[in-house]
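A, B, C and D are the chain letters, set down in written order, and residue numbers restart from 1 in every chain.
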């Protein structure tokens, strides 16, 4: 590990340092504001360090980690998301009698796990990152709330998440073990040679197909795709809002990035069996996710179902990866699939952060406003928040002028290129159904409220959360109207895949 | 730059209207009025210096600008105005003014936000009529949707949530199908020419083979037919109209329906000549069914706005008929029907809105014999119903006659059945006059059949501002009826370009050249 | 002077606009002056133009005002065409129109909608003039629909009575059926000949089509459909009797003199097409014959004074169609002119009778009026005489010409002639039945007040002695029309140049004698039957017994209801349409989309059940999902 | 001693893995569920060790060490949650945890 390689993993070091300092600070003297400040500063420093890292760019730091433009972009995205959630959770946790500092500790370690996942090209680091993220999430999900009737929700959600997540980790491990037993290496790149050779030659291929499916099932669980989605609504609803936000954005983002790298490098998409399975999963995710959300009144559950649908859309783009690497790289058409995935991921993170952000600003640990009734007449009570929330919802529904539309457009183009007509038809139907429940919320915000339901004072006045909402709104509208620059950035990011 | 200026004026105007609401509740409608008058002047100036003499049509493209937007996919901010889109702009701006006139007294709570939505819808529509880049076209196609949804959802009547949702979902899903079709076209341009492109002119030379071209064309057709609305996809219109506020109905009927027809003429048929040729008989059958079925439905309605909505579907059936006849008569007929129908249906909706504003009900069963108490309104209602049934000397007749003439050349049977629509049109139009304006005077609310003074006395006749709007529309219709050449000359070059770009392939057109000795 | 043709329709149009824009605020006198004056001016101009046109040896004159449309090679212009036929029609329309306008200033004196009435009348005259002057079929169609609109407005003029509104709508819809068939004819003509200019059609048609070819038969049949609709011939004649719901002057102007003859004018104008399609021409003749007989029999049984005249109009137009059918074009136009005179006279006289008897319509509730209503009585006598074509009256010369021409028709000559004579006999009976019942015999006005006046509200029931309400404005038109009905026979219609053939009929004196005898014999029968004279008692008993008998009663009811045509149409078209409309009030397609939404809602409820909340169930789904995935992966 | 063919090792690991799975499904007591999770993870560890034995590199064994540490971490957090659950519900039966549904 030369000095230069150390420089490359600077963000990881800084984030680890922040978590250690937070621990020491907590041990010395608990202060909510200070721990939040330290975490925020640490994340910002990590972000800045990316500039240094970017200069040395594509270089492999030990066979386990690869620091390339793909890694840098997603690291930046994760750090930004983490930063936003940290700043949102400060007003949220303000009036919690219990210890607040541990939350930031868990958050920084979870971010660390995510960073490791994004950079990994080897199963050991991938697995390490996944488990660090999961274990920290168990903690964050279980973070105690003090509202009487829902006090036991976080604990219930966390236990469910723990057991199921452990089972899915077991699947991944066993799959990898089977692959390792047959191919002898755990490195993504080398595995691709083994898999393509294994899948290709007739009889023996079932073994490889089963092993790969085991791994993919584990990943599908984390991305809450249909047959494995049952945990998502309960965990989203049970967990406190910052934890849900973190799970929805960073949790999904890191997992998707890892899946993308694994798929494009390992060439697992060559086999028709796996692409068929993934197509079926995608169709069911889109239809299932949208249908589940249709009449849902609890916004957190509704957003969880909609995230299932969005992961379904993402899967469509993922399926076109294979056709990307197949053709000669360099011409604009080839890297379309990868671009579509990364653009859609960025859009999804921005939209989810925005939606959860508004909910966090409006509620606090004592009283969570997650029922649709709480948002009635929001347009006339607080136009700014209503505008942001409507923009986020319309973007989730895929209406133009928003990044969501361009994301959906990208997936459409990828789908057309991969000629997946069935999936595109499902996407059109899914979006059609999706309109119902997004618009129901917007309409509910438009109908004036007869009795007065004052919004919490604490959260509103703080400038920071509103500042972040403004940033998110700009991040939603500007790429929606002028997506050129973001597209160019992603094109360079994806080249290195 | 004129197009960009027009769209910017409308958008900034909208924002201004919303802001000035805080100062004084009467300011928003004034700003909206000024903005609309200014844009009307701009469009009229554009008409004047491009078409000085109606008899000698000039070159086709008046304005053609192109700026790069999303280089990755070869998407450009390409806008252009030619005769057809200029006429549509004229109609849009004129009806925008009428909508403001209609909303003058009706919209009282949150006027600022209302005029914001109104002007942004118009901006979206202006964009639709001028965009020549298919992605930009789709972009504006969706942009005009959200403010319209808000107008129906916030200021609508009792069942507005359902109607607004239905309107939004119908248009959005068909829009997605349209997007899919556009993308197929763009992708095949990439396959055949090496780079993505959404440019209207470049996409002309994309060659799709038989069955696939039909599918992509169907995608376009469904997208535009939902907005037209054509027969099977029309069921959102009556709900949207009966629940929308008057100004919303004026915009919806007068302008938004035309975007569907404009899309058909500009994109759906020229881009897929062979597929359109095979599809023409089916489209004309749909048009005929639309005309007759919706005329029958109109006759059965008691809600006045639903009745007018069904009549709009029936009239737009003529447009579809004219477009898919695909000869000069059919196209010009479709254009004239669009213009005339815009005025007629907006006026009828304003009248229906006026009645609802005065008697708080849309049910025709409860009111009759209004001629005695409201002579001016009844006279106007009579005039516009007669225009609606296609009385020669007014705009609708020219449109319907030319469409049928063109349709007859292409497909005899369809034209004959469509001509039956003329009879049904007279049946339901006069039935409305009979039901509401003739017979003894009875007003909703008073239960005795006699001369209910309770409600009737308070209902005052048309105010001067309303008379101004109706008067303008009467003049417009008479002008279109008596001297349509001004409008036909404007659209002549566009239609000629569209026709010779793929020849009038449809039907057995007896080219009259060799008949004459 | 010829270049001022454009002003002809402009004057009444200006009158219409003036009256509409002032919205009835003008005092009655000024409104009357404008209304009548505008038609008077156009009459004067028409007269001047006629003098100049007949003076100059020019055959025709075309005056282009502006290009209406120019789309491809469909370029109809707003342009007028003047020739012999147009001149005749011009004079009839503006002349008779002026007289009727004058009369109606008196008739409508106390009506609140005075200005509105005259605005509609002026619009009517303007559209009729445009119809007649049009040089291309599209402009003709404009006039055609314009008059249809005005007839709707005027029939439903007293709008507060829904029955009038229904009659007006019925008239408009039935004529609209005819108009649609005519429109389809226009499309066919344009598609085949590439132009709709009448003169070009007349020159192109013979070159393009051989005699009796499919296209020309179709085109002429469609035009015939339009003519039948507008001129209330079989099968579209049910609307004219109900159109009597409007004020009487409009019955005179629209439903006697001008509008109903538009169909005749159209066929006359496009006579070349009909000559090229002999089968259709014969059809025209037989339509005419059937209508004149059917209307004749129906008129026999009518009680309402205006309905009798309405059915007589239908019958007389049947004669004109008969003339057109046998190719006697100028005879048809001649009869059209004379008919305009005496039928307008009869209707106006009927108007005076109705007004004087406080809106009494039933002739059997009148009787003995010849002393009390002298002007009306003498007008009726002259009118009926002309109607039954008694010798030396105008009707005699015109109907005589038609019957002679019908006789010379090669195939069906005799049949047509016999039908025509029978018709003349029927005409004689019913027209003088009206005169004898209404003006002779004893006075029934004071009988029990069972009389149903279906007229508009204000029928003041003062029973003072009957005093004829007729000032100068009402009497003068009657006198002039009376003179014209008598002298009209000697006016020669300058249409030979238009139709190119000068018909000369010469038949044996026996035939002439027979044709003169038939009407006189009819009048005699009518006198015996209806005037209550003692000599006719035998016949009156026979008639009374006939009416009571089952067969006779049924026959009279059948004839009274216009041969059951109204009921038939109601059954065939109106009822099914209304039933069909009510059947599917909630749009079927709408329900289909509702179904889709319901489907989504049900599937939502079903899927949400999988979210049971139990950890074990989630673990089962996880492992079950894995097994499923591997199953698909390995086997599928 | 003759080397055991690695397929047998894998089959053993598979059997162990399936036992763990069944344990998770059937058990009502949360503690036993955690134990079966342990069994599953150890089964994967076994498979890795068999793999490394076959190929002769140390990757498998290092992976096994990783799995051990991870399992420990999970169990620690799991037990913490179980204590809190017991303090609230005075039972360790997982059917208590089913408030959130629909």
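In this section, a contact is a pair of C-beta atoms (placed from the backbone, for glycine too) under 8 Å apart; a residue touches a chain by one contact, two chains touch by 3 or more.
The shown structure was predicted, so the numbers you read here are calculated from the model rather than taken from an experiment.
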(request) Can you figure out the chain closest to the middle, judged by Cα centres? (result) B
(message) Rounded to a whole Å, what is the gap between the Cα centroids of chain A and chain C?
(response) 79
(request) Provide the C-alpha centroid distance between chain B and chain D, rounded to the nearest whole angstrom. (result) 66
(request) Compute the distance, rounded to whole Å, between the mean C-alpha positions of chain A and chain B. (result) 44
(request) Give, as an integer number of Å, the spacing between the C-alpha centres of chain D and chain A. (result) 26
(request) Give me the residues of chain C that touch two or more other chains. (result) 608, 611, 613, 615, 619, 623
(message) At least two partner chains per residue is the criterion; list those residues in chain A.
(response) 159-160, 163, 167, 233-234, 436
(message) Counting only residues that touch at least two other chains, what does the list for chain B look like?
(response) none
(request) Kindly provide every pair of chains that touch. (result) A-B, A-C, A-D, B-C, C-D
(request) Name, in rising order, each residue of chain D that touches chain A in their complex. (result) 6, 10, 13-14, 17, 20-21, 24, 30, 33, 37, 40-41, 43-44, 47-48, 50-52, 54-55, 57, 59-60, 62-63, 66-67, 70, 73-74, 77-78, 81-82, 84-85, 88-89, 94, 97-101
(message) Looking at the complex, which residues from chain A come into contact with chain C?
(response) 159-160, 163-164, 167-168, 171, 206, 209-210, 213-214, 216-217, 221, 227-228, 230-231, 233-234, 273-274, 276-277, 280-281, 288, 291-292, 294-295, 433, 436
(request) State the interface residues of chain C toward chain D in the complex, per the touch definition above. (result) 608, 611-616, 619-620, 623
(request) Sort out for me which residues of chain B touch chain C in the complex. (result) 55, 166, 231-232, 234-235, 238, 296-297, 299-301, 327-329, 332, 369, 371-372, 375-376, 379, 386, 391-393, 397-398, 401-402, 404-405, 408-409, 415-416, 419-420, 422-423, 426-427, 430-431, 434, 437-441, 482-485, 488, 510, 512, 515-517
(request) Please give the residue numbers of chain D that touch chain C in the complex, ascending. (result) 21, 24-25, 94-95, 97-102
